[in-house]
Every structure is written in structure tokens, then in C-alpha cells.
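Okay, so chain A shows up in both of these, paired with chain B first and chain C after.
Let's turn to the complex of A and B:
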């Protein structure tokens, strides 16, 4: 055991034998991670080269046939574009709105704890159930949202939030921001607490106004948190299966179909499942996401180096 | 009025204006939940007659009876509880063991284990689902709660492992040395001394895993296609509205039943949970 300080360095085999308890302790995690994380990654690559409906035990090897088909599949690119729109629209709204709320709540307002709890409530509840519930809340015929808008005379006709192509994706983005804003709020509040209060006091004495203090103290000191929070939110925005399947199921007419739903439809919701094709789509998109994350990390590292050099 | 006094009353005005705006925002935020609970006690005509009143004419408990007994939510609840408890126990078991040896021992392969765990953070989760279904089928666990538990406990717990490892690495070395002198073996030291000391970490891991397992959807969905009796609440909910599209009060009662346990749980552990999440982002 490595805790005992033996004078002679034992051979590797003896060391392994002496540490056998350690490997025994590692065994459950190793088996689980190998089966449910590592093996699926390699299996996906293999599956993506197969024409396989899942009813037969094994598929037929077709090399890059699935990839060739995907590049010409308009519905794949439609889903790809929807996911990009989702990320580009939803992430800035969620991150920005949460920051605004965090700054307001951090100012020591009365009831700020209760406000935080209220905003946080949707976060802990089940996304798939909220998706179903919001279908009723947003219903054009009897849903309460349209009813309120009608009674306030903000609209004259009910809006079909989830049934109108061109609108349903943005409705889903709104519901997603509602569902998850609370967690981003907590991140920002934690980040704001790392800024020492005397900095603000000193700036106030120097005559800096509310906006100036935010612009010249809060924003620069929050930069590292901004990067990590944005990164987390981008990854989450590419992972919206639960909400989208139950809220719109990609509809109407694929107008809100994101990649998750495309893959699910090919693999599990089609009359003849196409496991190979779905794997290829998931893999292609996964590689794109990883590339974006890697690019972000590289850019951030380069920016940091430049700042350090100055 | 002096300038200072007017600026003070101005500040008070802005404070209360912010409070008012926030109160309206929070009302909008929790409105879907209020509407849901209210609808779960109404009769269908009351909902469709377009009243915005949140107070039902009479408490219609039969909506709950219908959801619980007829629509099978008693079974879904039992399945969700079993899957959640099983997942939490299995996750605590395997992440604490691994966190312990990573945090306290240097052994051949340690760097490899840590490297693989960190790498799993970056791999998108969407990859895995088709091979997981295939693996579960091979193990003969399709349409079985154990299949769901293994899949939920098997992926995405690197953070818990690193949390345990960080905690155990800070404990003084004398703890083991004293125990070894007393004749305690490797298992005794872990089970009797180390794991009890790690109570706060275990609580954090349990809370986060509880929420993730209770709210999980994709894995229980694709692993129970052939067995309605094995569905969890989230999966059952989708099936329920698929076949009872016009039963709004039944839907509302079923959704309330599914959400109440996790909301109650959250209110009990709220402080704890918020601090855990906030701590993670600071680190």
C-alpha cells in the first residue's frame, strides 16, 4: 500500500498485488463508466457505419453510406439550423436576464430570498412534465395565457403559440428560459458575491454612478464567470430533448425539430427504426458541439495570454 | 427639502418599484403551477368556460382518484420512487469508493482514471442512447427497473467522484495510521471511519442525484417502450395525454401528483442545494 513507506521500491507486479483493495474499490465505477459512457462512444462510431433497423441482431455494413445520405438530408439540416437558432437566441437571453436579476437581487432588496425561490421553482421540477403542462397553459382555445392576453385587449385573436410554424420554436425557447433561468441566477449571485464590497464603496466615494460601477467594476471582474456560465448554458441548449419532445415534438411540420428530436425520431419513433442513420446524425452533431467548445476554450486561453502579456 | 433627503426618498422609490416589478415577475413565474393545482380540482366545464379564477367552485378529488387509480399513476409513482432510490444508493456506493481511493492513494493507473473521468465531462450525452438501449437489451434488462437504474447510475457522475476525492484528500493521514495500529483493515477504515466523516458530501451527492433521477426522461422512456407497467411518472404523463387529450383536470391532477414530491423535497433541502450549486461555480 502506498501509505506504508517501504525502503525498497517493489516491482510493479508486487505493487499491483499490494494495492489490490484499491482496484477492488475502483471496480464498480470502472465497470459502469466503461459500459455506459466509453463503450457507447465507440459503439456509436461502429453503428454509424451500418444499415440497421434494430430488429435483426446485427446490421449490414455500408461504410460511409449514412453520412453521404445525411449531407443530402434537408430535414437533418433543418434540425441542425433549429438547434443553432435555439443556442444563438436562447443562451444570450437566459444568461443576460439572469445577470440582470442577480444584480437587482444582490442589492439587498426586501423579499429577495422569496423572489429567488420563486424563480428557482421550475428548475427542480421535471422538464418532461412541464412540457406537457405548458401545452395546456399555451393552448389557443382554452389556455390561460391567451385568455389573459385577450382580456387585457393586447390581442384580438388567440395566438397558436405551439401550433404555428415559425412561432413554435421561439415559444419553446421562451419556455426553456422560464424553466432554467433560476439555476443561472444562482450562478450569477454566487459570482457577484466574490466581488469585494469595498470596491463599490471606493467607487461611490469617487462619484461613480450605478451604471458606471456596473460597467467598470462588475463587468470586468465577472469575465471569467461569464465565460464558464456561457459555456455551461451552450451545452445545455444543445440538450433539450425532454422539453421539446413533450412540448412540440418537433412540430408543426418539423419547424421546431432540433437535433435531439431528429435522432430520436430516426431511432425510436419511425415505423422502421434506422439506428445506423440516427447514430451517424448524433455523432456528426456531437463532433460539431465538441469543436465549438474546443474553439471557445482555445480563444479564451489566447485572450487570457494576451491580457497577461499586457 | 434638502438635496440629500430628496435623493434618499428617490432611492426608496426605486427600491419599492424594483420590488413591485419583481413581485409581478415572480407571479408570472409561478403562475403555471398555481393554474395547474387549481385546474386539478376543477371539473372540465369550469376549465373550458374560460374563467381565470384560480379558486375552483368545489374541490373535485375525483380527478386525483382517476389519475391515481385508473390512469395508473400509482404504479408510475412506485416505479419512480424505486428507480430514484436505487439510483441514489448505487451512485453513492460507487462514487464514494472511487473518490476515496483517488483522494487518498497513489497507485498505478490513477492519472488514467482521473483523465478519463474529466474527459467524460466534455463528451455530449446525446451520443450514448442507442448503444445504451442495445446494451440493456443484451443484458436482458429491457423493460425492467434495474435496466433504468444501471443506465442512470452509470453515466455522468464524474462530478460526484471528484467531490468525494477532494473531501477525502483533505483528511489527515493520522486517521488511517491510528486505525491500522488498532488492527482495522481497508474496508473497516472506509466503512467505519471515512464514509461517516464524508456525510456532507454524501448529502450533496444524494440531493443532486435524487433530482436528476426523479426528473430523468429519455432513459426511462426508451427502456420501457414495451412495458407500460414499468413507466416512470414523466413517461406515464406523456402516455396519458396521448390517450386522454381532452381530460384537462385528469392531466392537471396527474402532473400535480408527479411534481409535488420533488417540490416538497426541494423546500426541505433548498438551502443546502443552492449552496452546493453556488459552490460548484466558484470552484
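Let's turn to the complex of A and C:
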């Protein structure tokens, strides 16, 4: 004889009532997430199927017309390429440099707390304001960076860091790495704290040098953290709108136009906005990012399985 | 019996307090009922130098019409369309606005029901006021929506200089060779010869359009053939001449990251000897950098040749009443304040764009540079044809056309940034893309029942040296 399901578990209504306080406290979060994340996401999918200038109350349904146009748009692919360059160049520099600094600062050097604070300071500064300030700092006519380089005789003519097509994107990457280095440093320092000191002591007794301890203890034990930190940094590197808008606005001549700025330009900054087209571009890029992240998860899972099998 | 006290307030006090609060709220709501006559008109424009004139006119109106106030916001033209777009979508549009965008955008907005007709409060009785009302520019569906505040006889590319930074008469600088020489001589001690607002791509587009016509070009469209003209020699030469300042090392190196306002500020601060700007520069300098005013000179038509004329289309309306406005009648009356002879003289005295009635400049107390610039327009500026006047369906084509990138202004920016070595093929590509986009838009409009052809852009009677007056359509 078996008991019926309803006899084992109370009804949904009863369970809801029993946990009413939990649901009540969850409600604000659910409403906010639904309003500001879920709804815009679904609205973007619908908008991407419209020819809509934003001046009218509603757009004209054109099915996949925007997507067809995007595939042929050189400036979309230019922005796509700039975003990929941004991620490929900026992420390893930020993650690697932060790890290096974390190891050095973790070694108990004098003034390490002061250095840590100094490196973290730009993190708490608003990115948009930082972009404006860095335009003055990098100004070729009166900016302090060019002044110092000229005084040190490292250059003979001021460098237009943000005004040259070949330099603007890499300058922006430099500013972005500098701004967010501190937060990655904190991640690494927290990760380093998880490695038991006994392991280093044992290795030291066995005659392992500093490099060997780093290579055979620190690196393997940090591997899970590396995956997470890299993933977080990749996602952050694809969301650089505020800094890029104020620093270069995607210019000159689209040389630093990343996808965020491309979408913004199509949706708001053009004389005749194209909200449907901008939504299609954003969605297409979002799908690409999701594909990359999914691939990363699959690779990591396979690596873990292989390690477990060994 | 005892009354429990919490934090010094007992239940009786709390009830009394709540009662008082309810009474206060009732009183307040009563007051707001009395205050229903108060009307606030939200007004957004981009005319910084004229703001005090507007505000004085509104104050006088408010004195006669108690309760009417105008909440005035002066915006950066580079940001204004974005702000308007967001405001409209969130039902917070201003009652009256200016539209610092091309005719294509204006037609899109009109087609999207952004505007309300001007209504009976606006009286445009004088002949020169009636002569500038055109379907697709000021009128839609036969109704007057707006009117131009300014004369068509103007351009945006005069060469402004600081007298103490150049070794010649800034009012007499003429021709590319002389400008380059002056720039070279002025580049010293932290000062550069020339500053261009390269980040403001729309302004750079206008500069290149104007300069190419001063040396004999037909402008963006050759009205004889109706074809886009960006690949013409005059455009290529103009771009190369501008680039020569960069090659000479006389261009302010921060030009690429400066818009017009930022550029003007740095020019006025003495970082550059020369700066390209429209007639309103006198007004902005007088209002914001008064100490610099005695030190400025201007060459109104800096590269004008005997065969050159800048072709200015008939002006679209300046201010538009929002379809979302709750007080269109008051907005209409406020617009009417800007149609009097007295206003035109005061408008000239603000030294912004020249007023619709150009004769007012002679009667106005203005700086000599402003007089010189406006007088120079009589030699250089000619009224261009406007296809939408010939065929109202052209407005639908403007509305249908999608922006082409890179635009002329973006190409100029790219040339300065070293994005390409030879601008000629890029300009040719722009002309081809514009032609293709116009053809597509014409087809779309015709498919929807319109009647337009490329020939609507072709004006056989056009003589570049003469005004294209209404009788020539």
C-alpha cells in the first residue's frame, strides 16, 4: 500500500501560505528583476523585429530585416572586432597583472597596504567621470602625461592618445585596466589566502625555490579561481559603455567603437534613431557572448572530468 | 488608567498629530485647486546667446498674463535630439522646442506627430514673414506649424581670430595660402594656429560644405543634375586644405576631441589663434568671455573666390509646439512675441544667427565683427532650391531615408585621425551610398502611393550666382 502524493506533500496553496514571509520578502527583488532585466530582454527581442525610429509610438514589423542588414554592415563588424580586441587584450593584462601584484603584495612587503589602497582607489571612482578626467590627463596640448613624456625627452612631439585612429582603442584599454585592476587584485588576494601555509613550508623544507613554489603550489591551487575571475573579467570587458562614451565616444572614425557604443549610436545619437536595428545588434552580440561563455563552461567541465579521471 | 508612552509621544499626541497632518493636507489640496490657473511652459532650445532676450519677452508676457511662467532650458545642440527623444517617449516633452537636426529628421518628426499647429495665437502678417512659409519646412498639411526666426542668408564658417595672436589684420585674411601662413606664424609659445571642432562631426560637415562652395563647388547636391556631389574636386580640395594644418603642425592637437563649445572656450583662452564658427560666435563671446570681445577679428568668407557662393536652403521653422503640450494656445502666443520689428532689432543685438528681417541689423547696436559677418553674407550666400517645396512627397523621402555612415562629418574626422590616406574614394563611396539610399527611399514612398522621382532634385533654372526665388520653381 502506498500513500498518495497529496497525502505526503501539502497543497501548493498551503505551502505558499506557510512560506508567505519568504515570498513577501522576495517580492521586491522579483518585481525589480522582472521590470528591469526580464522585460527589457524580451522587449528587445520584439524591437529587433521592427523598423522603428523611436519618434513614432510603434514601429513597423519587418521580421528579420534588421538582422539581414546587420550581417552586411561593416561598422557593426568593426565594432564587433573592436570588442573582441578589447576582451582579448584587456582581460589577460588585467587578470595577469593583478595576479602578479597580488603575489608581490601577499609576500608581506613594506607599505603593501598603502599600495593596495592606491591600486584600489580608481575602482571606487565613477567610470564616466574617469573618462572625462582622462581626456584632460591625456590631452595632447596641455595634458600631464604628454608633459611628463616631453620633459623626460621620451617623445619630441605630443602624442594624441585619443585622437589617432590607431591608438584610441589601446589607450582606452589601458585606462580600463588601470581603473579595474584593484578589484581583480582583491579577488586574487582572497584566493591566495585559501592556500594553506603548510604547503609552502613543506616545499621550502624540500628545497623548492620561490619560482617552484609558485609554479607547483600557487598556480595549480588557484586554477578554479582563475576560471571564475577570468569569466567575470570577460563579462566586464564587454560592458564598457560608460567609460568609452566619455573617453572616446567610439571615435575617432569608429576606431574605438565597441558594440555598446554602436548600439547607443544607432538608438540615440543618430539624427534619425533606429531602435529596432540597435536592438538586433545588441541581441546578436549577446548571443555571441553567451556562446563564448557556454564554450568556456564546457571546456572547464571537460578539464575537471579529465583531472578527476587522473 | 495609564497611557503608554513611546519615545515621549503618547497615543493622544499621535492622534492629534495625525489630525493636524490631515488638516494640512486638506488645506494644501485646497490651495492647489486655487493654483490651477498657474501655467508653466517648458521650453527647450539651443540658442544660448539669445536666452536673455527670450526670457525678458516671456517675463513681459507673464506680467500681462499672471500665472504664466516659462521654464527655459538651453541645451548643447550635440545632445539635444537625444534628450528630446527620451522626453517624448516618457511623455515629458517640452511644450516648445527647437530642432537642431537636418530637414530629414524634421520630416520624420512631423510624420510621427511630434508637433502641433501654431494655432490662432501666431500672426505672420508681414510679406517677408509670409514669403518664408513652405510646405515641409514650416507648414504641414496646409497648416502653419512654425516659422523661421533667422535669415537664410548666413553660413557657419567664418574665420574668427584673436588679434594679439596673429601678425596680420584678422578681418582681411583671405584664401587658403594666407590662412596657412598666418597659422604658421601664430604657432608658438603654446598657441596653435587653428582650432577645429572635429569631434562635432555635424559641424565639421557644415564647415566642409560651406568651404567647398566658397571655392566654387555646388554643395552636397548639384542642383543642375540633382546628383550627390561629395566626390567633386572642391570637396577633396577643401579636405586636403584642412588637413594641411595638421601636416604643418599648426592645428591645435586636441581638436579631434573637442566640440564647438569646448573648442570656442579654448580658442578664447588663447590656446589657438583662429577658430571656425558661425555669426553667433560674437554673441557667445560677448556674453561668456566679454574680456575677449575687443580682441577678436573675423574674416566672414575666408576662402571665397569670384565664382564661389554658399547655397543656403530656405529655412525650416525654428520653434515647434509639442503635440504633447497641454497649453498649445499659450505656446502659440509666446511664439508670436518673436515676430515684431522691435524683437528683430533686439534679436540682432544678441548677435546670434541674423534675424529673418536682415534690415534690423543696421538698426541694432552690435559689435563690428557681427556687422561685418552679416554684411559679408550678401556677397557670398545665395538661396538654394529645396525639392520639398516643389513636391511635398519629397518630405516623405526625407523621412524614409536612413542615415548613411560614415557621413561627411565622420569622414572628416577619420581623415584627421589617420584612418585612411586618400579621402577621395571615401567621399565617392559616400556619394554612391547617398544616391542608393535616396533611390531606395523614393521606391518605398512610391510603393506606398507617393509620387516622387529623382528629377524632383533637378532644377534646370538654377544659377549658382543667384537666389532661387519662389517664382523659379
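Here is the rule we go by: the second predicted complex is superposed on the first by the 283 of 310 C-alpha atoms of A that agree within 3 Å, B and C clash if a C-alpha of one lies under 4 Å from a C-alpha of the other, contacts with A are read in each partner's own complex, and residues count from 1 in each chain.
One rule holds for everything that comes next: a contact is a pair of C-beta atoms (placed from the backbone, for glycine too) under 8 Å apart; a residue touches a chain by one contact, two chains touch by 3 or more.
These figures come from a predicted structure and were not determined experimentally.
Once the two complexes are overlaid on the shared chain, A:32 sits against chain B while remaining clear of chain C.
Legend: residue contacts after superposition of the two complexes on their common chain; A:189 is shown touching chain B, with no touch to chain C.
Looking at the shared chain after the overlay, A:254 reaches chain C, while chain B stays out of its contact range. In the superposition on chain A, A:268 contacts both chain B and chain C. By the touch criterion stated above, A:282 is placed in contact with chain B alone, chain C being left untouched.
In the superposition on chain A, contact is made by A:118 with chain B only, not with chain C. Contacts of A:135 after superposition: both chain B and chain C are touched. Residue contacts after overlaying the shared chain place A:211 against neither chain B nor chain C. For chain A, the partner with contacts to more residues, out of chain B and chain C, is B. Common to the chain B and chain C contact sets on chain A are residues 135, 142, 268. Listed in rising order, the residues of chain A touching chain C in the complex are 53-57, 75, 135, 139-142, 157-158, 160, 162-166, 168, 248-249, 251-255, 268-274. The touching residues of chain B, counted against chain A in their complex, run 15, 18-19, 22-23, 25-26, 29-33, 35-36, 39, 47-48, 50, 52, 93-95, 97-98, 100-101, 105-108, 113, 116-117, 120, 122-132, 134-135, 150-151, 153-156, 161, 173, 176-177, 186-187, 190, 211, 214-215, 217-218, 222, 225, 233-235, 237-238, 241, 248, 251-252, 255, 258-259, 262-263, 265-266, 270, 273-274, 277-279, 281-282.
Chain A contributes residues 1-3, 12, 15-16, 19, 21-23, 25-26, 28-30, 32-33, 35-41, 43-44, 47, 104-105, 107, 109-111, 114-122, 124-130, 132-137, 142, 144, 147-148, 151, 178, 183, 186-187, 189-191, 194, 225, 228-229, 235, 238-239, 241-242, 245-246, 259-260, 263-264, 267-268, 275, 278-279, 282-283, 285-286, 289-290, 293 to its touches with chain B in the complex.
Listed in rising order, the residues of chain C touching chain A in the complex are 81-82, 85-86, 88-89, 101-102, 104-105, 108-109, 111-114, 190, 192, 198-199, 202, 249, 252-257, 271, 401-403, 405-406, 410-411, 413-414, 416-419.
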